[in-house]
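What follows is chain A paired twice: with chain B in the first complex and chain C in the second.
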Partner chain A sequence: MTAATANTDSLSWYEASARQRIDALVDAGSFAEFIGPEQREMSPHLAIFDLPEQFDDGIVIGRGRLDGSPVLVAAQEGRFMGGAFGEVHGAKLTGLLRAARTLRQDALILFDTGGVRLQEANAGELAIAEIMRAILEARRAGVNVIGVIGGRAGCYGGGSLIAGTCSRLIVSEQGRISVSGPEVIETNKGIEEFDSRDRALVWRTMGGKHRYLIGGADTFVDDETLAFRQAAIDALKVTRGCGVAVLEAEQSRLERRLQRFGAARDAVDIWRALGISGPTDIPALPTDAFLAAANNRENADDAR
Partner chain B sequence: METLSFRLSAPTRAGGTRMQAIVGVVASGNLEVLLERAAPADSCMIDITTAAHGFGAVWEAVVRDFVDRRPAGGLRISINDGGARPDTVALRLAQGVRKIEEPER
Partner chain C sequence: MTLDDILAGLFPNGSDIGVAGAMISGSAIHPGAGLVHVLGISQGQPLGVDEAIVLARRVIEIVKSGDRAPILFLVDSASQRMSKRDELLGLSEYLAHLAKALLLAEAEGHRTVALLYGGSAAGAFIATALATGTLVALPGAHPAVMDLPSMARVTKLPIDVLKAKAEATPVFAPGLENMVQTGGIHVIWDDNAPLGPQLAAVLQRPQGQDDRAWLGTERGGRRKAAEITDRVVALAAAS
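Right, the complex of A and B next:
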């Protein structure tokens, strides 16, 4: 095995494409794609709606090395149909995760998704269920499945459910994790409940800092590809559990969390209850100061 | 969707040894360009699927300009277009030939 070398040019994870993220994450030159664009495995549904297709159906999967260790990697392209899951897109990820279990190789999922593609909703929802099952089966076999969230589409809908089944989640401030997106909440519950155009509200309710503080993510990083790479290397060094004890502990934690913060009207109230002095300053804090302020954050139990 | 196909004379062979390259993404006003070495060495085949109907003449002008300016011989180029402007198309095609020329790692 040759010494692992990183791609040393750092760039914004948020701005990068799926392919750029993979290149920046794994050891330089180590990535080999499965079912690449030349195979033209595209959605069988989009043409019915007269919608443009993409050769890789919006997800890049393959194998590479991370700090010398073999890993399987999937990256969603958030700019193609909002990174949404369709039949082929989902099947590629399911297959990769089943391979992770069979090969006993750790897997990384670089999320960038609004959820399920509406034009192929049934296939997409089934894919979400299959992916979650594949992750749990891989984890039961001792494989780590790391979720990485910091893209422009965030991690919403079925994508957030999948993220909830990962061994660990790495998030940046720009990464948003939520089942329902801002517009969905506003449409269903009214603008008094949630103003989707209030960016500060969106970020402090669903953004990476808040998710990290309430135990919805395990590692918080700057929006830099090199920071994500280092966090992924560190995440794979920890052997995680996925048994009944872990899930029961997490269930108890979530019950405690609901009791503790259930009456809060805003994320700032939760940050205050966590004992953070100056909770209103949290959104403006640079990473170092934020991590120091986050000392008493909630910790997840390998599930969330 | 509208499909267009062009087979153009391209005397200069595309450089490098990579067998394929892909640039861009299918989104509004954007496109993806897949380049493969799968055409006779002196020609360039371009297949386009586009969401914008009725722009065949503009596409033809852009791809003819492309093979005149860049070494594109031997390439089969496949495009999925989300309604990109001609300047964006020209940029992606230029990025594509540059990428397939890059040395393999």
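Right, the complex of A and C next:
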């Protein structure tokens, strides 16, 4: 096995743990962790709430090789506190992104998060802001920061704002991206506004297919680790930076989206407006058929 | 303080600043600092796709003008707008776009200062106040990630228990002083003193790196963040 081969047979990204995802993503045996669980850098705040800590605070960071090239990688563990951002969790990611800028090395963020960890909400919120600034500064230095979304917890709250700061996003159907979660909207605005138990509604409003169709994500892949690996390799081939031209292009893209779809009442209306024949079939389509149907989607063209 | 009081205090020679709906936009001449672009969100309104795209357009126009004048972003908002429509249209992209525009302005040589004079919460707070180079606040401002009753529901703890825990740590409960201690807010202004010189003092700070985690360490509100961040940078450089 050479250094540039993948690690394992493909497995479900959705089902995999953070460590399994990293192992499957980078070249076999190439990952070296920074501040691993043996360092016992745990949250100093969860004990206040009588909650158990985890030795890595729910995020794995380090460096590996992807198709032979060094990359910095962070993976959130959605099974610990819903992958939420606390003080230590967030600081590990901030540090990795500042290193990306200093060392001019590309970074991959494998999101799996419900957003800010409420038990340390102020520290988590500030970590989100620090991470977003670190991403922008890294991108301006010519570094790619790729977001990968397809985990159990999705990419919610502050996590979705970080994703919106990345240079490119890779999603699977399971990759939900949204600021307010379904339960939060329902709790605050009522079940008439959003029925969080209507899973079909959740998936077509926030899921990976819809995000890909409106240009909210750049690459759509099957829920398989090897598909994510290939997409990550491809995503690192182009670098666009983040200057005024990119943000002007994003401004136009997001204004056009409001003009085209601002009156839509449901995702199906948007899919119909995109010219998709049989828009109600979209949720059931397998990847090949979906990508064919998505031919006239709104493409971000790196305007993000 | 009302928005009118704040603007009069900051710009005693007058200003050309309009309020359309919840959004503030215009410019003024500061006695010491010269031209200052002013924008913001007011009246405790939520920040949705429609507001974020207008504010971002204005920031990008300012950057393109090349004047490098400071941008003052006034904040009295609710949280992000919680609606099916906003999420259907990709609210996360709109909020991140506004944040990137503000971060871009700072990187392109504009001083960006946010003045929190009312409320703000969650995604709206991240996309506006926390995306500027320096965040200051007036007494009585009330930032929050989530209000305590909602937090009680999510954490399944009685609100009295949460209040008791909030006495022991600034790390989770809403409030101005907690956000100062954790390093998110640089300074609380004195509303009994003229505001103009206090803005001038902020604008005279050297433009530099993100120092919020270190402020949190110094003030005791976030004892781990800065040390962990710096350790990761050092480990990555050494390996």
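Everything below uses one rule, namely that the second predicted complex is superposed on the first by the 296 of 304 C-alpha atoms of A that agree within 3 Å, B and C clash if a C-alpha of one lies under 4 Å from a C-alpha of the other, contacts with A are read in each partner's own complex, and residues count from 1 in each chain.
Operating definition for what follows: a residue touches a chain if its C-beta (ideal position, glycine included) is under 8 Å from a C-beta of that chain, and two chains touch if they have at least 3 such contacts.
The model shown is predicted, which means the values in this text are computed figures rather than measured ones.
Student: Using the superposition on chain A, tell me whether chain B and chain C clash or fit.
Tutor: After superposition on chain A, which the two structures share, chain B sits beside chain C with no clash.
Student: So, does A:F80 touch the first partner chain B, the second partner chain C, both, or neither?
Tutor: It touches chain B, and chain C stays clear.
Student: Scan A:S17 for contacts with chain B and chain C and give back first, second, both or neither.
Tutor: A:S17 contacts chain B only, not chain C.
Student: Under the stated touch criterion, which partner chain does A:L285 make contact with: chain B (first), chain C (second), both, or neither?
Tutor: Touch status of A:L285: no partner.
Student: For A:A47, using the defined touch cut-off, is the partner it touches chain B, chain C, both, or neither? Pick first, second, both or neither.
Tutor: Once the two structures are laid over each other on A, A:A47 reaches chain B alone.
Student: Who touches more of chain A, chain B or chain C?
Tutor: More residues of chain A are touched by C.
Student: Minimum Cα separation, chain B versus chain C, post-superposition (Å)?
Tutor: Value for chain B versus chain C, nearest C-alpha atoms: 14 Å.
Student: Please name which positions on chain A make contact with chain B in the complex.
Tutor: 17, 19, 28-29, 36-38, 47, 50-56, 77, 79-80
Student: Write out the stretch or stretches of chain C touching chain A in their complex.
Tutor: Chain C reaches chain A through residues 49-50, 53, 56-57, 60, 63-64, 80, 82-97, 99-101, 103-104, 107-108, 122-123, 125-127, 130-131, 145-146, 150-151, 153-155, 157, 165, 168-174, 178-179, 182-184, 210, 212-213, 216, 221-233, 235-237, 239.
Student: Can you name the residues of chain A that touch chain C in the complex?
Tutor: Chain A residues touching chain C: 32, 34-35, 41, 44-45, 48-49, 61, 63, 72, 87-88, 90-92, 94-96, 98-99, 102-103, 116, 118-130, 132-134, 136-137, 140, 157-158, 160-165, 177-180, 184-185, 187-189, 193-194, 205-206, 210-211, 214, 216, 242-244, 247-248, 250-251, 254-255, 257-258, 261-262, 264, 266-267, 270, 304.
Student: Would you pull the chain B residues touching chain A in the complex into a rising list?
Tutor: Residue list for chain B touching chain A: 1, 20, 22, 25-27, 30, 32, 34, 36, 49-51, 78, 80-82, 105.
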